[in-house]
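What follows is a set of structures to go through.
In the two complexes below, chain A is the common chain; its partner is chain B in one and chain C in the other.
Showing the complex of A and B:
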């Protein structure tokens, strides 16, 4: 069995934070968070966990590291938050470095293990609380911290300035008009049926996704709008950092921008973690029992457009595909059937990965791990050999992948394990094969 | 007699535009906007290849632009749109660009009386605010969340005053943001600043301030309150100069602090959108008394009824009455005035407007695609394809209904007494 101490990775954010810690400060913060925020659930987990290890097989890190117990969910909790509970926060600063590395980079908060634990212990939740403590201790990996800073300064995760956002939309509208002369991306159209929201990387690096979404909306005749002001980014690395205060601010900005435009619902692009933020974490921090404005994930939205015949597929995508089930919308929202129905409406043949649906393995990018940046890339690669094996076993080339993070994660795994496969967004496939009436 | 009294207040109905179908040669016409007095309907129209203009009733602006968006009426009736010409941007007011063209112009804001118009401006990749066409002399590598003073004479924005390298988290934590007022930055450097806001006389500026990653407070003219909190929301100035109030979070609960001291003890799950009455005697806000239990509170006393969602708190002009929209997560909207729910639910609702004397309240709602105009809870006899927010006459005896029906734009003046 390996030890976290043997695999520490240099990260300026973790190092600087730990350097200014004192045992007193650790004790103070741990006590405050455990008492004030963590509630009874965490204590109950710690007291009732039988250390039976049934959760181990559930975790891709454990499976990928030849069943090294150090990577099992129970070990992650025991080595971090349970230890802090037991020792009442009396640990050395160097130990916090180890705990932070486990919590931020060796767990994707994917909740797969919760399904394997006989008493339903949610290690993802325990790791979130561990991250909350690390954040309060100012011990956070550099890159994800920077992303969270961007969220606070601009309300989006990519330092996109207010005008750059509008400019990207107008640029995509221009481009799309070469193909669809009458296409509009209506900005701030009050009373539209749908508010379309995306994540920060779309205007920055993946503008074609905005183009494709606009094309689909246009062909389907959807009454939609996009806001010209901040709030448009539904993503949330502040949540994964443990900066819940800024998570609340972000979600307020997101929902209020939709309320102000008096839309009926928000449709969000193909993103997993953002869904967790809007339907579970961020909305609740604000005091809402549900989403203040209903948010429909792209999988569900495409399903509606296809089943209602608003988008027609004259010829399906040739060749077999497999499906990546993004944890946050599958285990989190139960979209596994709709994802399969959409895929079968678009693609000739599906070869399932095994296991799949709510038992899928995470891509290992999730939970903000990919956002911890280059220092931890290898953690994701070695930590998800399980996914590589799963992918290879399908023998197909194309992966239907309705989640931004999964894309990044799978791309990396495909490269690292030389799988020669290609993840694609549903929107990308729909755009390619849908009927595009002339002169629209 | 004010501006509104000069409008046509004769009871009756008038067709402002017979047909809203695109005029001849217009390839398309975008969503309509109606002037405050209801006499003009405007829409962006495509008049040729890469050529856009604005239709007003059955006329069209003489000028054309490569791009036009954000068509909005100023409260004084001027019609504005963000416009692009030769790849540069400006704000067109009644067809004429204001000031010089810039690399980018966006986020138009008006004073309540419409006398001043402001917008964000980018020139040579630097950011500032333009007031009535004139940008600040000092420019910044970024500026956002700008505010226009109520008297229309000043502007302020959050500005970045120190550059950051890629992923420079330590630099960020030292503070790189300030507030610039009319372009002049505060001396202080903050981790974050949010929503600067002016005092009623425009002399002072308050903003939400993040002093360290973990400490939030309110800064007034660059002086942070002594006390810090877990989180804060938008500050408001007392109208008679008796301090600045803001929602603050402490021990996981929200309350209200005035100049840093609690005036509403932290006991709410949420508290936001504070507004003072005109005299400053009353302080209103949206609060949540429990998880998913939102309502309106006045001076820390919540209304009895709670709702899953409460938005759009509006006060009567003197601030003695209040109205808000409620919904069940964006469905089944209800209008609540003084804590009492108007009958019926709708699929969408627009903020309530009060008559100048505060005696009457009106709002627009939409249900099943039909728009209704309600006054004091009762609907106007006819529903519409679309209706815009109603306007009361200055004496409050009449209400102006601006609406679209059967592809035409109508203007109806109705007696409030008939509702």
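Showing the complex of A and C:
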């Protein structure tokens, strides 16, 4: 069995944060969060967890590390938030480094362990509260902290300037008009049926996805718009950092930008965590039991377009594919059937992974772990051999993967384990094989 | 000795039950008040149908991923809890007690059956203990509190079996049995055993969140 102390990774954000800590400061912050923000839920979890260890087998980190007990969900909560509760925050700064590394990089908040706990303990929530404490102690991995700073300063994840955002959209519109002479990406169109929202990385380095989405909207004849002002980015790394104040600001600006345009609903691109931020975490912080503007995930949206015949598929994608079930849209929002129906409308044959659907293994990039950057890349690689084995067992080349985080995570795993596979977005596949009427 | 017996089976029993009843009420009420004050964003999603759906599925042995993952633990857990309540409520000697203390009487287990299922409980406790010692992922998170809880529930059964089979001084064993039973009852609200009070709510919340927000099963 290994211990967190044996596998500490140098990170400037964690190191600088810990260097400025004192035991008094730790005790003060821990007490403030436990008394002021946590409540009966965390208390009941800490108290009633029987330490039975059933959750261990749920976790891809535990499975991938040959059943190393230090990676089991109950071990990770016992070593972090439960320890802080028991010791009333009286721990040394060096211990906070260890706790932060566990909370930010050794748990994807995927909640797979929920299917294993008889008592119903929500480890993802417990780890989120641990991150909340780390954030307030200013002990956060540098990369994800920077991303959260970008959110706070620009309301998007990638330091995209307001004019660059508009430029990117117009650039894609211009490119697409070579192929579709009448295509438009209407900005700020009031009363449009659909507000299309993306995450910061799309204009920054996956711009082709905006092109493809515009092409699909155009061919399907969808009345849509995109906002020219902040609020367009639905992503939310502040949520994963534990910066709930900025999480709330982001979600408010996102919903308000849609309300200002009086759209009927928001359609979001193929992202998982952004979905989590509007149905689970950000909405709660803002006091919305549900969403103030209905938000439809791309999987549901494509399902509508395909079943209504607004997009026609003359010939399905050749060869077998497998399906990656992103935690935040499957275990998080039950889209597994629609994802399969869409896939079967697009692809000839599907080879399922085992386990799949809401029992899927996480890609190990989620929960902000990939956003902790290069220092922690190997944590994700060694921590998800389970996924590599799962992928290899399907024997297929193409992975249908409707989530940005899963894309990043799977791409890395595929490279590291030399699987020779290729994850693809649904929009990418639809764009490739849909019927594109001439001169449209 | 007989005075001690009279004391533990009389006044002390009332004290133990009072601590249990009032302690449980205090813990449940204060936990609910805390939830109302701090967990409004979770309480808002509580749903009776989804709670029941979740509880029902977790009451089925091998009906969930967790129960499927460790069959020995699953069998031990179900056997332990079912037999624990059977012995506590329906054991012949206990039924006599219910009758003399409260004047209520009901069906009782035969002596042999009571004996067998007491051994089942002890067997389950042995499984729990061996897991804590032998399985690295359980040993790693086992603390004194967990051993104490196990000891608390095992003691009444061990002493009860010894008393029934008249191993050791009979009256002393009976006194020890009653004492350990009273200790168990009184400490349920204040130890790991408080899951007896809270697990139904943590399970219900998880069921409600998975049903209402996540729209998937939590098993």
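Here is the rule we use: the second predicted complex is superposed on the first by the 440 of 440 C-alpha atoms of A that agree within 3 Å, B and C clash if a C-alpha of one lies under 4 Å from a C-alpha of the other, contacts with A are read in each partner's own complex, and residues count from 1 in each chain.
We take it that contacts are C-beta pairs under 8 Å (C-beta built on N, C-alpha and C of every residue); 3 or more make two chains touch, one makes a residue touch a chain.
These figures come from a predicted structure and were not determined experimentally.
A.B. asks: Which of the two partners, first being chain B and second being chain C, lies in contact with A:5: first, second, both, or neither?
C.D. replies: Neither partner.
A.B. asks: Considering only touches as defined above, state whether A:37 meets chain B (first), chain C (second), both or neither.
C.D. replies: In the superposition, A:37 contacts both chain B and chain C.
A.B. asks: Quick one: is A:440 in contact with chain B, with chain C, with both, or with neither? Answer first, second, both or neither.
C.D. replies: A:440: touches no partner chain.
A.B. asks: Answer with first, second, both or neither: which of chain B and chain C does A:245 touch in the superposed model?
C.D. replies: In the superposed model, A:245 contacts chain B only, not chain C.
A.B. asks: Answer with first, second, both or neither: which of chain B and chain C does A:289 touch in the superposed model?
C.D. replies: Touch partners of A:289: chain B and chain C.
A.B. asks: Just which bits of chain A does chain B share with chain C as contact spots?
C.D. replies: In chain A, residues 37, 284, 287, 289 are touched by chain B and also by chain C.
A.B. asks: For chain A, which residues count as touching chain C in their complex?
C.D. replies: Touching chain C from chain A are residues 1, 37-41, 43-45, 47-48, 50-58, 62, 67, 69-70, 72, 74-75, 78, 114-122, 279-280, 284-285, 287, 289, 330-334, 336, 358-359.
A.B. asks: For chain A, which residues count as touching chain B in their complex?
C.D. replies: Touching chain B from chain A are residues 12-13, 16, 36-37, 136, 138, 140, 142-143, 145-146, 149, 152-154, 161-163, 166-167, 170, 182, 184, 186-189, 191, 228-230, 243, 245, 248-249, 252, 256, 259, 262, 264-265, 284, 286-294, 373.
A.B. asks: Which residues of chain C touch chain A in the complex?
C.D. replies: Where chain C meets chain A, its residues are 31-32, 34-35, 37-39, 41-42, 44-45, 54, 58, 64-67, 69-70, 73, 77, 131, 135-143, 146, 149, 192, 194-195, 198-199, 201-207, 209-210, 213-219.
A.B. asks: Please name which positions on chain B make contact with chain A in the complex.
C.D. replies: Interface residues on the chain B side: 27-28, 30-31, 67, 69-70, 104, 106-107, 120, 122, 127, 142, 144, 160, 166-170, 172, 177, 191-192, 194, 210, 213-214, 216, 230-231, 249, 251-252, 269-270, 272, 288, 291-292, 294, 308-309, 311, 329-331, 347-348, 350, 366, 386.
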